[in-house]
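Paired with subunit B in one complex and with subunit C in the other, subunit A is shared by the two complexes that follow.
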Partner chain A sequence: MKHKKGLRAAGLIFKYLLLAFLGLILIFPLIYMFFGSFKSNQEIFGTLKLLPESFHPEGYIEGWKGSGQITFGAYIWNSFLLVVPTVALTVVSSILTAYGFNRFRVPGRKVLFAVMMALMMLPASVLLIPRYLLYVSFGWIDTYLVFWVPAACATSSFFVYMFVQFFEGVPRELDEAARIDGCSSFQTLVRILVPLSKPAVISAVIFQFIWTWNDFFQQYVYISSVGKYTVSLGLRMALDATSAIQWKNILAMSVIAMVPCTLIYFVLQRYFVEGIATSGLKG
Partner chain B sequence: MKRKMMAVILAASLALSLTACGGSGQKPAAEGENTENTSGGKSEVNLRFSWWGGDDRHEKTLQVIDHYETKHPGVTIAGEYGGFDGYLEKLTTQLAANTAPDIIQIDYAYLEALWKTDDFVDFTKTDAVDLSDISQALLDGVTSTDGRLIGIPSGINFTVSFANKAAADQYGVDLTKQFTWERVLEEGKRVHEQDENAYLFYSNAINRYIFEPYLFNLTGKKLVEDDYSLGFDRDSLIQTYEYVMELYENGVTQPYDDVVGIKSTVENPLWLNNKIVFAPHFSSEYDPMKASLKEGDLVSLVPMGDSEAANTGIVMRPTNMIAVNAKSPHLEEALDFVNYFFNDPEAQRISGMTRSVPATGSALDIVSEEGLLDDGLKEVLKWCEDHKGGQGQNVISTNTEIETIENDVLNALYYGELTPETAADEFIKLMTKKVAELKESYQQ
Partner chain C sequence: MKQNALIKKHRYTRRDWSGLLYLLPWLLGLLIFQLYPFVYSFVLSFTDKSMGDSFQILGLGNYVRLMTEDADFWKNVEVTLKYGLVAVPGRVLFALLVAVLLSADMKGINLFRTVYYLPSIFGSSVAISIIWKFVFQKQGVINAVLEGIGLTGPNWLGDPGIALLTISIIPIWQFGSSMVLFLAAIKNVPKELYESAQIDGASRIRRFFRITLPMISPIMLFNLIMQLISCFQEFSTAYVLTNGGPNKSTFLYGIKIYREAFTNFKMGYASALSWLLFAGIMCLSGLIFISSRKWVYHDEA
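Now for the complex of A and B:
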């Protein structure tokens, strides 16, 4: 009896050790980046030691000053200005579109859905030039409208598809019950479907936030005034082969640039796991 | 309660999204008018100037702009700057959509493609920019075959071997004598025998600093001649490939496997730990190279090879060209700024060495007086000029696809997939095809 218990404990210890080890491997690049933000170039490339010689926050002070006349704080503010409306608009517009596809029998629905799915497969780089020309004629270049307006028009097929799939899992009996209680179709969406789809909403928020926050190329192409540069553009300002790059400044600012993404993930993470739709059928 | 709140928020954001969608028709018009007013007004002139670079270049260029603005009230110049990554993609997109800046920094490697367009002002057709202070040879190097000059070089880039004095002392390598190809082999063997982790040199581009100059020394010709004929033969190729393999086999240079992941010398642990005596580079890399070693350890040496050959293989090329957008609504002001940028003493003083060794004679004097240009580097520049530097190159040969072919064949050779003989055949085959393509696309 006792022997068995000991064996189980040993197994448990082994499991946890293995998990801890794997976790460490996964997080190692981030740890390295954090310590690297205190090292000189010589230390970063010349030795394999993980810990820096001193913890002087010079990289953070210098990096925050940014290049030229703009500080890193301005980049972060710009990023929020671009990302937050983009995320909100994407979620709202995708939910509306998905609701239409999933709950209404419109003629041509299947064809439209197939077209939307096809768009999901289209690489973004193919769209670059036509979109750019379109935005030029609208006069939107160098404004965040380039990101906000498409988000408001549910152009991310991926999220529309995700919501369609999720709504599929919400029983239609709930809609009928709501209609009997006097809900209009819009109220059914807002009061029944959306609250039940919280996990999908949360994952859409997290994904869109991280993708937009980290996106470099779209932002680089559409934004040309340095005063409107975002974090992902700001981080690359000083990366040039012919000048002495202070890696610790860049690593320090990368640490700071990661904070919002990490925070939003940890704050919203528990909703990922939380129980879903079927709970509405009980009782 | 919670549900109600959610409903309100959602409804509010819905309304917002709807107006954003619906309003999209009117907004741009308003915005368009706005830009018209500011840029098209009588006294206000807004110019845009784009460049790539590091922090130092950004800072100094902004200062140059500030100085111009105080002297020319009514003209404002917005800098659009960043790193080199993505610069060309953005520029071509902007050119296609007519939204490119008025003043644009362009790279030597872009020239061949940009010559085909009419997007830039031809400086030979205007007197607005005084070019008399820039050597004719330098300007000739960036003039197209039909005689157009679309970018004025702001700096000169040339081959230089950067040596680490500490490493040279440790392994007893005499840095005062030039490194001929034979001497590289001898000294390289000696260094590697003393310490199996030490190498005479490291290069992040064997094709550019070994393969090409060695081949050019043998043939005396350009890689691809101006008339699109190949400037090499099978025998010289075989000899060159044999030499490259000898360098690897004798530990003269670091094994290719060890350096695949390293992008530049300053990221090479062996260089930082004084295990490498020298590294061939372009002069524009002087700053990061200097910063990578202890104060006073960096020595500038003349390039390796046969300095008396018909083609010495020494690269000397203009860099960081400044171009003016031919479609700029304020051409006159843009050209005036470019003239100021190159010829105003204050602008030259502020710019210093931020765009490599300056191309204008007066700016070169200023950086020498102020001690910004290292004496050793200046001597190498002089030496390169005296040894036919830059005369063995042309824009066709620096095509990036040709560079890819060079590297692919060298890699196959290193890994033993090809022998020097088969490598020579393969290189001739690939180059014949590529050059025919290039010639065809040029004639179109």
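Now for the complex of A and C:
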């Protein structure tokens, strides 16, 4: 009996060690970059040492200066200017759409809903070129309208589906009661459903923020003037501009670029995993 | 049941119609940003459209040129298939492995879940590409480790024979969303199944292959398809890290579309490329679906 207990304890310790070891390997590149951003130029290469010999903040000071025309602070400001309205519009439009699908027997609802779900599987590259030409004819190229307007139209089926799933779990009797109390359908949405959907709203905010913040491709295609460059574009330019890469500066700015998402992740972590698990979607 | 029969006959009320008001922004978006581009890109693929207003209809010209004259097309296909063949199963299987590890009821397991998911929140951001470029440099930390154990590391991103493999293993690192889905599915497997199997003396490995795996096979199918769609369109990481090089060894299909459309401004040609990619993804998804009849378990109770 005792023997068996000992064996189980040993197995448990082995499991913890395995999990810790694998975890360390997984986040090693992140940690290595973080400490690397404080290293001196000589120290940055050819050494296995994780920690810097002494603390060098030069990378942050130099990197912050940006491209000469525009500082890294401006990239961050631009990123927020692009991302925050995109997130807000996505959440509002997705809630409205989900409400329409979930609480009304709209004519043609089944077909429309099927179309929306099918769009989730449609590779984005098929829509890329006509959308670009469309934005050219609208005069939207090199503006953030390219990101804001589609967000206002709930073009991400993922979020609509997420809210539909969530609303499904809110009893319809509540709507009924609100209606009897004289609430219009819009008031019912704002006063009853939205407050109850706080977790879904937070999940949507997190995901859309992180995806838009980290996006490179769309921003690269649509934004061309340096004055409107976002963090993604600024980083990529710094990597490209010099033949001899200023690693210290670039690592420091990468660390800064990752701060907003990391903060959001650790503060709102609970909603994060729930968000994927309940909606069950998106790679 | 009776009620259903009644509903079939029912006429839409004002309230039903009013729901359209809520769908209005989405309907507009559907028409302008989704359906119209979808149809238009198909039309464009048969033309020589560039940035100007006028264009000619080429019929199948673009498709024929791609497959017979384009010097890079088949290279793009080959590179992308090789990339997908490593990245898609690699990511899904690794996600499964981690999910199994993290499904244990242990103290502090949430901390591990948090850490394991962390890399995935950065998606294909440029900062992530920078990390990999830094780590995989010739004098980077990976080669320093190899040197420490007496090996000479290759030029991970600079050697045409190795660069594609390097690019293909990078996405495996960001397995988070597939992992979370697996984790939820594993937690949903009824405990009684394991208990009765244990009484029958089935080993842990046997229990995994006979119970867990069949029960989560629908999620496996879902993850495979979603990762297939995203990996075959990959652009950002490869573009920032190697820009298709060296010697076109990492010239992914996504980079080809980008160059034809936004460097050469051959919009018609690039549309044909994107439709071929779409067709390719559909075929592969179809194959996975067909094969899934053999390996996805459906509860027939």
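Everything that follows uses one rule, which is that the second predicted complex is superposed on the first by the 226 of 283 C-alpha atoms of A that agree within 3 Å, B and C clash if a C-alpha of one lies under 4 Å from a C-alpha of the other, contacts with A are read in each partner's own complex, and residues count from 1 in each chain.
Just so we're on the same page, contacts are C-beta pairs under 8 Å (C-beta built on N, C-alpha and C of every residue); 3 or more make two chains touch, one makes a residue touch a chain.
Keep in mind that what you see is a predicted model, and the values were worked out from it rather than measured.
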| item | value |
| --- | --- |
| Partner chain in contact with A:Val194 - subunit B first, subunit C second, else both or neither | first |
| Which of subunit B and subunit C A:Ala152 touches, first, second, both or neither | both |
| Partner chain(s) touched by A:Leu268 [first = subunit B, second = subunit C, both, neither] | neither |
| Which of subunit B and subunit C A:Arg236 touches, first, second, both or neither | both |
| Partner chain(s) touched by A:Phe216 [first = subunit B, second = subunit C, both, neither] | both |
| Partner chain in contact with A:Ala177 - subunit B first, subunit C second, else both or neither | neither |
| Partner contacting more residues of subunit A (subunit B vs subunit C) | C |
| Touched partner set for A:Pro123, first subunit B, second subunit C, both or neither | second |
| First (subunit B), second (subunit C), both or neither touched by A:Pro29 | second |
| Partner chain in contact with A:Phe45 - subunit B first, subunit C second, else both or neither | both |
| Residues on subunit A lying within both footprints (that of subunit B and that of subunit C) | 45-47, 93, 96, 128-129, 132-133, 136, 152-153, 216-217, 221, 236, 239 |
| Residues of subunit A touching subunit B in the complex | 41-42, 45-47, 67-69, 88-89, 92-93, 96, 128-129, 132-133, 136-141, 143, 145, 148-149, 152-153, 187, 190-191, 194-195, 216-217, 220-221, 224-226, 229, 233, 236-246 |
| Of all residues in subunit C, those that touch subunit A in their complex | 12, 15-23, 25-30, 32-34, 36-38, 40-41, 44, 51, 98, 101-102, 104, 106, 112-119, 121-127, 129-135, 137, 139-141, 144-145, 148, 173, 177-178, 180-181, 183-184, 222-223, 225-227, 229-230, 232-233, 235-236, 240, 254, 257-258, 261-262, 267, 270-271, 274-275, 277-278, 281, 285 |
| Sites on subunit A touched by subunit C in the complex | 12, 15-16, 18-20, 22-23, 26-27, 29-30, 32-33, 36, 45-48, 93, 96-97, 99-101, 103-107, 109, 112, 115-116, 119, 121-134, 136, 150, 152-155, 160, 185, 210-211, 213-217, 221, 231-232, 235-236, 239, 247, 250-251, 254-255, 257-258, 261-262, 265-266, 269, 272-273, 276-277, 280-283 |
| Residue ranges of subunit B in contact with subunit A within the complex | 3, 6-7, 10-11, 13-14, 16-17, 20-21, 24, 27-29, 31-32, 35, 48, 50, 52-59, 62, 78-86, 89-90, 93-94, 96-99, 101, 264, 266-269, 272-273, 282, 284-285, 287-288, 290-292, 356 |
